[in-house]
């Protein structure tokens, strides 16, 4: 069976059918198992087909359904780019479904989750498959809508309602920006089909405008700073497996949209576009991770970290744009592959981490890290999986996060080849930002894992936590294994991505499968190479060697004793380092500028029985400088115009009269 | 008489006869049922116009591609509203807000109004059309004030006065059109017959036509609810019985819009006259932006959706003002979708207000929990009216925005800004009403959900799939609109 | 044959760093003591310390988890692997292509990541202080290091240390401003990463001023030995790195005559001793700075790295 | 003879505009009503003249309606309402008389400019007639807008409507003119009854803002 678009569309149809089923079986207690079981199977099938498409280097297939825009129909197309993102989407979907099989049984209002979950999956699949502007936008917004419904699943909490609202408005803003972009692309009789848009010529000014609109549209969905504000609100508000999908997968769909339009439909829009994307990406990465570091809600921390990773992806896409604009095909392919690799990686470890956070949430009912701690004893399996996720996302070898980060750096190091001075200088500078982001990410996840899982329990719920169910664990360990495999066998992934790069950039990275020892060599062996497998083997060997020798020839005795408390015996768990105090040094370094953080110390004089207090005053400048004034302006005008609701009839008549006379005057003068 | 002219006659005769009968009959169950039956009959008669050959346009009546869309939509929503009205009114009788005497009046007026609207659509004479529009307006004035509360009377009074000025201005415009036509067509009846006028419009005096169009735009525009002529609309929607709000938003605005369109075509047919586009675009945009801001401060749920109607009328007028096959198609589609969606929303809102005993948004919360059908119904409706897919309005907004951006980027940006503003306001309210900790009565609703869900099902279907013949039809009409 | 000799070189290198590392620390300590007019312990004292620690039993805090027990071995292994990949006396090591300079930086990052986690495992405030300060320092040191890597890699056209060393040893480099800046940046990073004065004081015993030592406060016995050993290795690694990148004179290109190996080992040992002397001299001459002055110190390193990278383009255009 | 027909029609129409100005100038209610009656009378004459000139006997009906209904019944009814409701005899103006008059001038000028562009193909009678009618309509609106008193607003609306009838009768051979004038008379009757029923003393909108709050739930 040749993998084709029709099979993918059938899978989507099956997902939509599952939605109907979930609506019909609203209150049945079996519905959780049935729905997640169905989505698991469907996602796996769709994933397998997409993967076989990539592996087989199959030709793109298209189909037209007589729905959608009447004279156009709904076009669907499966090409290499779509297949890759379908694989990401469906693998994430399958993992989330598997997790949902266990996690879903704890859901208090399953009828608010079950119908929308398959719909959300279907929406993401459809966006990737769509091959005309109308279908694309329809599916895009449908995806937003379904995920919004999922965010509103726990609607009784006021925060969630606000999160849902902000999310939906930002999503709509993004869609409208995309709508304008497509309006521009399809203008002058080009039409809405992607094939037509692709073949039409696009003027440079138009290309710049489309790029700006895409940055607004896809960027707001993906979480580019300063359009990211909805993301840390909405992602954590949803049930955890949905958070995983939103963070791990939906942001990738947004990136897909950006790639599809900017790289595929528009053609390379000049090197200055590359700078814009690059700088935005770098800034997003650093800002995102700094926000994450300041956060003590574990799911929000993960959401902010998503922003960082999106920044990394955009930065390398910007590199690809810059290289491509200068005809450096191989370098562009390297940067592009790095971006896609990071897309894949992030979908793995971010889903994994959200699953872990969800497990903590089910087991303790707590998202606030300051109330957790010591879970490594109570939830050993979850904590190990979470640790793998943390190591992977911190870009540490031999896991997958490092490989994509490494590829991005290799691409950065190709910057001398670029002819433009602006790029020559900006690229290493952004490289420095990315390195900073990576280092901060490591700090952030030391905090996330350390405060949540290590130390002693900070609250009774944390002390009484227990391990989660097998389905959830299976989902986590599956993803952890993928993180590991992609880390030690990156060559396979790069070769798998080759058809995508070939299709979009026109070049591909060298074949990696032929390199000895499964190394990856992006350009030439003398330049750089990396071998995750060997590094892993070396570390394991070295560690085992050390363990063996020490335990064999030296001591293996162990004695348990109380921890050293500077002379204080058994201090309370509250005396531990908290999340906020962990972040304090970094807050001092970066926070004064970026968050306008101020510390106020209230130190009572000796003899005063008051407790000493330290309060930290932090500001989210993006909210305060951008969104709050906007909101205020809207309400100001709304207030002003609202006076018009309370006029007397005479005044209304005067309004009519004045307008009439004005128009007559215009007519008298004009014609 | 052919079958076709029979059908046209039925469309007019059924309502007017039903009105006479209903005015005489007592007992609300019977009259409500009769009202439904009459509306259904009218709808079927209108539907038959699709199938059978059309009558030749006469001195007074005309059926063409343009108005048949309006007639069928009008009678359909009229029918579903009568079904909704039956269950709504039953509740009003129970709570004693309406007495059986007023009810008789209500049903009779309902049919007179349907007659007026249908007549406005099928009339081939601009004078007759004017008369018909005024009949429809005046009957709704009476219905708005039917509760006899202070606020209802005030709203009706405002509607009446502003409407009267509108009537006068529209008449002046009509006279001017006649004056423009007379030297070319000759004196008498013919100079008011639409089919004659449009054929020879190119030779009319442009200066007269210009002034005429401004007066007609103002006269009928008052009833479309374009800002700044909108003042009657929010109060009339909020204070009248909800079925009337549904009909006002879903139908009466369309009637007035239809009249504006007719004259727009006339003006466009004259090469020397001003092009009506910029004027309509300006008024449309003004209405959209104005209504979008006004949405934020609304506390009354019916007034909220009334402003949303102004907003959508703005979009539709904008689309027709932009012109061109794509924008016109989108405008038509938007109009149909708005009628269906908005009346569907009012069905939901009517029952919600009855169940909760209030129209105050602040006192309604958590509907999806207490009344899932109503709550989710409202959510679907608001999502649809806010222009989210996969519902029909998304398609029309997509076409309007994308086609505008290619031609007038700045206008499209303004349009998008207005859309986003309105979206924000609607969603803010929806979040409060449909979600959150439930507030107010949790008593089960005694509602008829069929009309609401029928409308939403249609809107959903249209958002995904438009039947081929309908599209061809719309495209043809879009070309007629120029 | 070549493979076997390469293997031998690689193995020799691995054992060499393992054996030399404590000695280097011992030498530095000795020189420091001498500079302070103390007699100081023998240069072999670190070996004795390690052996003593290895033989002792481990006292684990009650709350310590498996992570706490695994970490010493993981960090040690990671640092050892990293150290084994830095060419000391010969380039073209058998496995040098399995990880380039960036990977070496990341390997050190892995070691620090686990150590910081272990610091938080027991649940005392000291571990937390240490970890949080350590990651703050690392968050600044790592980008500075990466910029140094960029600067060098952009000049040498490679991130592969063997290639870099070969390139630097060749005559085509000349004196470059950017290289000098990169070197200073690297030295500053090395001071920070190895918890040396002025960033941290390896000999302190006052908990509140400690960084690295606070983090590993709960470790004892063989675990502590592993961590100490790791720290020795890390110092050696950084010095080797500086030598290899900036002073690769007399380094043996792979496949050279056996005699050249002897010469280069000798040269390497000399350079190492010299570096150790300079380090001791510097540490004696400066005082430890407050923890919150460290960001400025490392920020300067970051700026130097960036400046070096940018100047690289300028010097290229001449 | 045609010249004479034109001159008389012109005179009567111009008279209407002049009387509209007098209405704008008036600040006494009773005087305003009397002037309105004069307005209606002149209209009736004008319509009758058109009926004679156009040889359209049905227009006489319109003339009679104008005479009986507007020149007699309505003013009398309004007189009574004023007495019964005890309305102030002074008219509260929103804008001073002076500016109002100036605005009126401007409106007339505007109507002239707009209408005199019309090509001569339309016969001059109709053209002038339309210009005057437009002036009357706009002046009527101006009266409505500048007066705060309910009765004077009704009067404004009626003078506006007189302008419409003037235009309609001036349009030679226009059908439905009689029906329209009847319909409008009914409309006006409704308004007058409304004024009476709702006891609207001073303005159309007696409802004070407090009531709005109470009934609408909307707040400023």
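In this document, chain identifiers A, B, C and D correspond to the written order of the chains, with residue numbering beginning at 1 in each.
Quick note on the criterion: contacts are C-beta pairs under 8 Å (C-beta built on N, C-alpha and C of every residue); 3 or more make two chains touch, one makes a residue touch a chain.
Here is each chain with its UniProt name: A = Oxidoreductase; B = Hydrogenase 4 subunit F; C = Formate hydrogenlyase; D = Hydrogenase-4 component E.
Note that the structure is predicted; figures quoted are calculated from it, not measured.
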item	value
Most distant chain from chain B (Hydrogenase 4 subunit F) by Cα centroid	C
Result of counting contacting C-beta pairs for A-D and A-B, higher pair	A-B
Centre distance in Å when chain A (Oxidoreductase) and chain B (Hydrogenase 4 subunit F) are each reduced to the mean of their C-alpha atoms	44
Whole-Å separation of chain centres (CA-atom averages), chain C (Formate hydrogenlyase) against chain D (Hydrogenase-4 component E)	98
For chain A (Oxidoreductase) paired with chain D (Hydrogenase-4 component E), centre-to-centre distance based on mean C-alpha positions, whole Å	69
Whole-Å separation of chain centres (CA-atom averages), chain B (Hydrogenase 4 subunit F) against chain C (Formate hydrogenlyase)	78
Set of chain A (Oxidoreductase) residues in contact with two or more other chains	642, 645, 649, 653, 660, 664, 667, 671
Set of chain D (Hydrogenase-4 component E) residues in contact with two or more other chains	114, 117, 141, 144, 204-205, 218
Contacts with two or more other chains, residues of chain C (Formate hydrogenlyase) listed in rising order	none
Every chain pair in contact, whichever chains are involved	A-B, A-C, A-D, B-D
Parts of chain D (Hydrogenase-4 component E) lying in touch with chain B (Hydrogenase 4 subunit F), wherever the complex brings them together	114-115, 117-119, 121-123, 126, 130, 133-134, 137, 141, 144, 157, 160-161, 163-164, 167-168, 171-176, 179-180, 183, 187, 190-191, 194, 198, 204-205, 207, 211, 215-219
Touching residues (chain side chain D (Hydrogenase-4 component E), partner chain A (Oxidoreductase)) in the complex	94, 107, 110, 113-114, 117, 138, 141-142, 144-145, 147-148, 153, 203-205, 209, 212, 218, 220
In the complex, chain A (Oxidoreductase) residues that touch chain B (Hydrogenase 4 subunit F)	66-71, 133-134, 137-139, 141-142, 144-145, 152, 155-156, 158, 161-162, 164-165, 168-169, 172-173, 176, 179-180, 182-184, 186-188, 192, 634-635, 637-639, 641-642, 644-645, 647, 649, 652-653, 655-656, 659-660, 663-664, 667, 670-671
Chain D (Hydrogenase-4 component E)-facing residues of chain B (Hydrogenase 4 subunit F), complex	127-128, 131, 134, 149-151, 153-154, 157-158, 160-161, 164-165, 167-168, 171-172, 175-176, 178-180, 182-183, 187-189, 191-192, 205, 207-208, 211, 235, 238, 297-300, 303, 359-360
Parts of chain C (Formate hydrogenlyase) lying in touch with chain A (Oxidoreductase), wherever the complex brings them together	54-63, 65-67, 73-74, 76-78, 80-81, 84, 95, 97-100, 102-103, 106-107, 109-110, 112-113, 116-117, 119-129, 131-133, 135-136, 138-143, 145-147, 150, 153-154, 157-160, 163, 207, 217-218, 221-222, 225-226, 291-292, 295, 302, 305-306, 309-310, 313, 316
